[in-house]
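Here the structure comes first, spelled out in structure tokens, and everything after it is commentary.
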Amino acid sequence: MTRDEVRATMLRVLGEIAPEADLAALKPDVAFRDQLDLDSMDLLNVVIGLHAALGVDIPEADYSSLATPDGCVDYLLGKLQR
Amino acid sequence: MPILTVDMQAGTLTAWRKRAGDAIKRGEIIAEVETDKGLIDVEVFTTGVIESILVQAGETVPTGTVLAIIREEAGAPVSVTPSTPVQPVPVTPPTARPAPAPPRLVAEVTGRVRISPLAKKVAAELGVDPASVRGTGPGGAVTREDIERAAATRPQAPARPAEAPDRQARMRQLIGAAMARSKREIPHYYLGTTIDMSQAMTWLTEENLKRPVPERLLAGVLLIKATALALREVPELNAVWRGTEAAPSPAIHIGVAISLRGGGLVAPALHDADRRSLGDLMTGLRDLVRRARSGGLRSSELSDPTITVTSLGEQGVETVFGIIYPPQVAIVGFGKVVERPWVVEGRIEARPVLAATLSADHRVSDGHRGGLFLAAVDRLLQEPERL
Amino acid sequence: MAGAGPAAPLPPVPLPVNREHALELLHQMVLIRRFEEKSAELYTLGKIRGFLHLYIGEEAVAVGSMQALSADDSIVATYREHGQALARGIPAGSLMAEMYGKANGCSRGRGGSMHFFDVARRFYGGHAIVGGGLPVAVGLALADRMQGRPNVTACFFGDGAVAEGEFHESLNLAALWRLPVLFLCENNLYAMGTALERHQAQPDLRLKAQGYAVPSEAVDGMDVLAVEDATRRAAAAVRRGDGPFLLELRTYRFRAHSMADPELYRAKEEIERWKSRDPIGLFTARLRSQQLVDDTDLGAIEARVATQVDEAVRFAEGGGWEPIEDLTRDVYTPVQP
Amino acid sequence: MIKMSYREAVRSALREALRSDPRVFLMGEDVGRYGGCFKVSHGLLEEFGPERVRDTPLSESTFLGAGIGAALGGMRPIVEIMTVNFSLLAMDQIVNNAATLRHMSGGQLSVPLVVRMATGGGRQVAAQHSHSLEGWYAHIPGIKVVVPATPADARGLLLAALREPDPVFVFEHSALYGVDGEVDEAAAPEEIGRAAVRRVGDAVSLITYGGCVGKALQAADQLATEGIAAEVLDLRSLRPLDTSAILASVAKTHRAVIVDEGWRTCSLAAEVSAQIMEGAFYSLDAPVGRVCSAEVPMPYARHMEDAALPQVAGIIGAVRETLGSHG
């Protein structure tokens, strides 16, 4: 999958969790928590959504690398290439 | 002591006309008794000899008390008293049950909501549409409480921008009314304690490693299960106020406070939280959050909780003292899990801890019982594997 | 005549009687006496409740007067009605059961001691409102007269009732319409706690009938034969259509007005004096002097009465209670489909 | 159908009853030679003779008690008590004998007795002759109470009363005797316990009986000109009350005003109002209104008597109040 496809998937999953969020204005390098009103349940649902969409396993320990939009895409790409 | 007047319960034996050993004949006056109507002679109905006097002159005794023992004369015409034992048992008719009430005609209410005038007035004030409220009054009629409960817990439809502002104000108003009433009517008492979460957090991490992603657990689920099991030990906190006293609820439905996008709060019920596994609770919790935030909650889920748990740890709050949701009688608060110095066998260690609080209705329980409850939650969280 | 005490005692009239009839009269009087004594006993045991007015001492009035009435004649009595009910032939068991409040009572347990009814024997009740029965008696007589039936309606009432307006209205209406009413005033000298002279300006009660052109006679209410004779003559006149007749039957109750009465209003000596003319005692003495009865007869009567009273109590004890579901039954007549 | 007065309708029923049943006879003060103080029984003495049309002495308690006794004895007496005011003298016979004997005798006795009385005020005859006490009688289990408001009902309800095995009390408002109306002399007797809608409406239910039915209809006419359709329900009997008809009307209009010439406190209107509260609580959009007589001994002076009695204006005011409080 290309970087853009991964990014689109991430945004789709985010949109299901926080429909009212303005995803277009998402800053790539700022933590999700600081841009969107997400709590631990939302983050869990995002992880479950990505796992379902991309088939990648995301251990709890790796949550910190998903903190920002770009970090998340890079992490996912890394997982997919392996 | 004979019954001598219509409603005589007791009598004072003022004088004996005969003494022990005297012979007496049926129909003779044997004594004199003071009743509410005055002095009345006591007639004897057996013929024989007085063996012993049991009640002395001047004594007041209830009717039916044996005054003297009489040995009936063998040959005398036995006064054929009916099968009455010496102790006269007044023949009481069957216990007086109220007669079956005549069937009461009630007009068929068609084409309009069955609602009391008071409830209609309050519904207008609180902007609640009576037609949407399930009535608990006579014949399913909607009552004031029904309206107020609906108002306080009405699900917040996702804030559509167009009507967001007044929907927000309306929401604020409804929660305000319920909270004001709670503060006004419920004498709250507050207890807090700090719980060492190290066991729980360690166990959670190991557990999530074993679980596939969709079945992963959040710390909140442990807190909910611990609360539910602790309520089994202090059931009076798991009750509903019925206007004059609390009715303990057989089931434990934990209302989970869920904040909504753009403000507002609902606390739908996780039914039978004490009997469900952590995984099942997690699935339930995720479903409640999803539907709360998409406006898909059922009104029964909103009116079913027997107690509420609120957890503001996410927002960085360390200690939260909640306000009880009427008609519940308690609310449990959990703060953020934070690293704190913790004395372990004289040494200081860093330990993940959180502040657990209880606000409870002093009409129903007191500090002592509240304290037992928090201690139980703490104890249960030290053995997470058994939750 | 104003303020005269109770009318002068009446001369005893020796009346012939045959043995068989004498025994029947005596048996009925003894039955009433023992039935009332048993009622008093059962009241003290709490089996009979409410108000209980005993007839002891007045037996001759009920037994004597009832001899003159046919089965088709009507009886209207008062709350002191046990004597009339027994003399009229209502079974002692159904009366006792009624006082127990049982469903096998003569009024299904609804009336109690003061309200016996037996329409088969045309016994139209005990009436507890003093004077309340008189207008009803007038109506019963009116119905008989309008339907051409040669019946008499015997209406018993006490000396207290003569103070009620309904006594005067009833006498007037019965006289005016020449109705077959036999007014039987049981003058026992006391209206509950008020002696006759203290409630009647004219205590010679039979004179009151003259105000309504109604023939009247005073009778020694302690002499069963005198009562029977006077009632037969009066009933015959009434049945002939001469209009109503009033008998003032002078008698005396040996017991209190009711079970709850400490009798402060009359002297013990007066009671004893009247007891010397006990209607049963008087009659028994006369029969003995005429060798009409002997001890075996008397013993047989006492034994037969004892059995009757015992069976009556057993019948009452055995009776069931009216089901509460029947509470409103008979308030109205059920609508025939 | 022929037009006749209320008085003639009652007479027609009396004559029909006397002719058809030998057990029937009329008894009361001045019912014979005088022809009845309201001229109701005029001519009946000549037709049926003194045995069956009996003038009585002024002894209400006794001739009513005699009516009870004659009923027990197999007759079907009709006792006329000139007005409800004099019936107070016979209350003991009514309550303790007529209403009670059947139940107290365990069902043995039956008292098939009809008692007729004039009732109500409005003729300047002052307090002792102007009472409207039918509500008292409606309180007594064991008797029935009918209140005919029209000549047709005056005939129909009297004939129905004569078929009842238990005592029936017929109250004829004294102001109605001269009122004309259509009567079918072949009609079957009416059914006791059925109310009648005299005017259909949907805005408010005017529940009334007897002498007040006319006033309620006048009020309804006036309200109609203001677009308010008032329903007028004539109760026709006060015991038993036709509760289902009352509730059906209120369930439709959601408002009720009860018009009753009795004094307001503990009145018949109070009972009807209680039944509406019990049975139609959730159908009510306003408190039940009551228009009753002022609680005062009826004064003689006309303007004072009119002020005391329920009037059309008062009815309209009460209706406005129930509509007004709707806002």
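Here the chain labels run A, B, C and D in written order, and each chain numbers its own residues starting at 1.
Keep in mind that, in the parts below, a residue touches a chain if its C-beta (ideal position, glycine included) is under 8 Å from a C-beta of that chain, and two chains touch if they have at least 3 such contacts.
As the structure is a prediction and not an experimental result, all values here were calculated from the model.
Minimum number of contact steps separating chain A from chain C: 2. The chain occupying the central position, as judged from C-alpha centroids, is D. Of all chain pairs, the one linked by the largest number of contacting C-beta pairs is C-D. Comparing mean CA positions across the assembly, the chain most remote from chain C is A.
Between the Cα centres of chain A and chain D there is a gap of 86 Å. Chain centres here are Cα means. That of chain B falls 53 Å from that of chain D. Separating the centre of chain C from that of chain D, both taken as means of CA atoms, is a distance of 41 Å. Distance between chain centres (mean CA atoms), chain B to chain C: 64 Å.
For chain C, the set of residues touching two or more other chains reads 328.
By the contact rule set out at the top, the touching chain pairs are A-B, B-C, B-D, C-D.
If you check the complex, the residues on chain D that touch chain B are 243-244, 247-248, 250-251, 275, 278-284.
Only residues 37, 40-47, 49-51, 100-101, 256, 259-262, 264, 302, 306, 309-310, 313-314, 316-317, 321, 324-325, 327-328 of chain C touch chain B when the two sit together in their complex.
Contact residues on chain D toward chain C in their complex (touch as defined above): 25, 51, 54, 56-57, 59, 61-75, 77, 92-93, 96-97, 101-110, 141-142, 144, 165-166.
In the complex of the two chains, the chain B residues touching chain A come out as 158-159, 205, 208-209, 213-214, 216, 218-220, 259, 261-262, 285-286, 289-290, 294, 314. Chain A makes touch with chain B in their complex at residues 18-20, 37, 39-41, 44-45, 47-48, 51-52, 57-60.
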